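So that we are looking at the same thing, I have put the structure below in structure tokens.
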């Protein structure tokens, strides 16, 4: 099944206005549409919306969306039927066909190809607000079985491994998997799961990452800066992790590298390498290893989670 | 007489709303006050307003403002009286005492010390708009007698020379003079004068200069980009020259150097050095050498101009 | 035939030491190997060499290299045989199998899959020199028949169109075609051809583009800066065009956008749109439309060129 | 006594080659001269050397240098004589007259005016190495009596206060004092003293700060990154603190603000304001509050230190 790239995320938030104040007001996402209790946003480079916020009684993740190619939707349906997975075809704003499937690990996937194109605003620089959110880059998923999930996403969806973290016994603690040609569309991180660890948007350059931190600080919201700015060892990207008003974790991300070669060799990191999490050796806050967002099944109920057999935190934690 | 730094500029504009749309809307200046036909603006670092726009029948420059120290205002008055120069003490918004003096060359100077401080917004990064205008940096003045004006501003006002352009016969074509410790508060440029060549604001970094060009382009206003972005040979600063809706020329400027040493040696440039105007060798548009803003005398009448005895353009002109 | 991305360029240069002083000394390319009269270089992100310089009696382009997937080499050979195109399988340093084919337009293509991987130096920031050359990005080819070449590269090689320039009569003056998921791996530009217009390397961010211009200026080599720094309308990338000691044109390039969606809509530009060449409205030097590098056939003889039926320059030329 | 600006620092280091590998090799300082066991370095903007490293049995600070104006040297000598302070006139490389005075607090000051100017290399961008060290910016001094030292430096040397940290009882924990027109030439920090807390160099822009961190990480020397990159609340500057091979702390610093106005109002910070140390709310490592460099008296013996009566760390410490 040919997944093209990560395509969107649907989040449940408790107070839509408060969330819009964060995503649109502070971070400068473009609000393209509101309908019922939902709002649809995008970055300045995108021609399709990529973030849907829906007001709901508790925070959760309703869908992890992937753009597929023209045949991908039928392939996905066939697969879901063969595997006996819960699935449902829906329409959403600007997307006539979205196939929602709960995968064997419990992740609420959503596949789509057709999408109405929004007007191109990449070069409407006079309209930019905030640090300059460009496009969705990846989803990072907590999993209690990173090795199995990684193999599955490679074999079934054609994801390709770019980097991974192993301990000395060869156990896989995290993996980075791509389709679109940079470091990842999806990553799996060891921990209680299935949950969403974070989702990430691409920014134009490292100064934009600093600007995002300045904007949060200017608004007296430093509590929402969880980690960074810094440069990852893994992925080489500059990053900043924020927690939105519901605790959902968003990463602002830029400057990783090209991975399109079929023989591109994955990079192995040792679990306790101090340059892995942050190339500069910074310690990572404990919350980063423990907290994540609940997922919803296709009925809108929280997907049960379980702890991982791999316990323990890396050494470089504050 | 102890001038501290360039302090403000008052421009006559033909359509105040249109000018505010440019300065506030596109460039992100903070509008602090409106009164009668005037608007008062500042950059994000400034504690005092630095740009006053006044709607008037024709575009012109009403005042070139300089902050002086506590004794400076009396010294300036004494000097104006001794020299028999037209002068007048006025109050303006937030500035109870502004001494306006037309200097012997015709430049409409305005000296002030006392100023109501506006709230500090330097770190209100969530409120920044546009490329991030920080503070007024300098005024560049057309003069038909650069050598005389330069000597006068050094001797009477204590300006110090940092860079200058000479031809092979040792004639002075341009000079850069400072009080505040960077390359200039005032520069004189050979040409029909007295006129204002341009005024400049400091931006946070070279990316902000590029962002300003992007903003103008995004708004489909590339015609208002006259020159740059580029790096000056002279001053080493990154620059962008824009023409406002009345043709007044504003420079966005950053990254020159420190000049506070009393024995700081001025840098000499040869008139035809291709790296002088733009370190990268770019040619300069002809308009840059010819066009400027009229000055007003203390009665609000245009100051007559005369041509310079030094004729001819540098080689690197398009 | 599945081309993965542009992979390398082989240039003939008249003085290898002088060229290394430019590419390695000024621009900071990594020199990985020398053999006979050839030198092999790469950017800091690359795991394979991407620029081969060979000392020769006259400047020319010996090969336009493309990485293919594992089956690609056989497919290319079959194609070349079926079409009766001149072709030859060679070995080069670190590349045991390179299939060289002269395509029907005369472009000297070279296909390869297998490549010895060089050590990863992306994060060896202490070894970076120059502006930070990261990876080869694209080749831009002069063609007297842009429409035909564009269709051929789409149909035979699977390139996908991202942007194009048309005149009012619907004639195609230039096209941008990609495989790797950004704006282009190959572009065709109307003009005397077949010739190489330029080749481009990716830099980390727009400040690196400015730094490159500063480095050339610092070394008193502004004559080698042909155009920029600026932002393209087409591709949205920041650019700088340099001419190497043999006149070969290299572009330093960064910050275009993602194009992996199968339904990504190409952007159309009108030939006389002033924002097309440079978003900021800058004029383009005439040399940019006229000068290029000769190509070599598989025997090392210059490929004859012919003029284009489409004559005339865009309006925005100096 | 008219101090112009901070001028230089002389450090004792245990292994000169190792220190040069750090300052010149990694950070890109220009080595201008070696003589005996000393090396003289400068930043790319400076016309005078600003860092002297002298090989010695233990790490220490031999001199805190200040540029004065032409009369300053005589004024300083008169003052030292009147106050009965240890003092001595010396010559150093390129500086025929350096007056060394141990001030009443024990700080080993050195005053000079005359200096041989080194060639201007600001625009020799092809020679830049490392992140682009431009010029010395300030010295930060540990003091057990910040209030007394602050008053003394204001009254005797004419320093002007720009920012300060107070606790709720109005006790002064830290002060920032300038002469050259930005946030500081000298700062006093509460703690065991007199000692040097750190010295700082100005970099061209925030990306250069990130580049410095990358360079240390690339060289596998993350242990030498003590704090940052980040943005200070105080001073608004972007910073990175490194520890050199002897534990001396160097700050890379950029983007503070202009303070030349005589009526510039100092900014007050509350001791436990989380945005004070780092605008983004980052915690500060404990070492930052405790560790510093010993000072030498004019005989080259360590100046005894004493603890401060103000005990306790701010809340935001890791």
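Every chain is named by a letter (A, B, C and D) in the order it is written, and numbering of its residues begins at 1.
Just so we're on the same page, contacts are C-beta pairs under 8 Å (C-beta built on N, C-alpha and C of every residue); 3 or more make two chains touch, one makes a residue touch a chain.
Given the structure is predicted, the values throughout are model-derived calculations rather than measurements.
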> If you walk touching chains, what's the least steps from chain A to chain C?
Replying inline: 1
> Can you list every chain in contact with both chain B and chain D?
Replying inline: A, C
>> Using C-alpha centres only, name the chain that sits farthest from chain B.
In response: A
> Which chain pair is joined by more contacting C-beta pairs, A-D or C-D?
Replying inline: A-D
>> Taking the mean of the C-alpha atoms as each chain's centre, how many Å separate chain C from chain D?
In response: 48
>> Centroid of chain A to centroid of chain D, CA atoms only: how many Å?
In response: 43
> Where does chain D touch two or more other chains at once, residue-wise?
Replying inline: 123, 205-207, 214, 216-217, 233, 275, 279
> Which bits of chain A are touching chain C when the two form their complex?
Replying inline: 4-5, 45, 47, 67, 69-70, 113-115, 117, 120, 122-123, 134-135, 180-181, 204-207, 233, 236, 255, 257-258, 260-265, 267, 275, 279
> Which positions of chain B touch chain C when the two form their complex?
Replying inline: 206-207, 210, 213-214, 216-217, 220, 222-223, 225, 229-231, 233, 238, 274-275, 279-281, 283, 318
> Hey, which residues of chain C end up touching chain D in the complex?
Replying inline: 26, 123-129, 205, 207, 211, 214-219
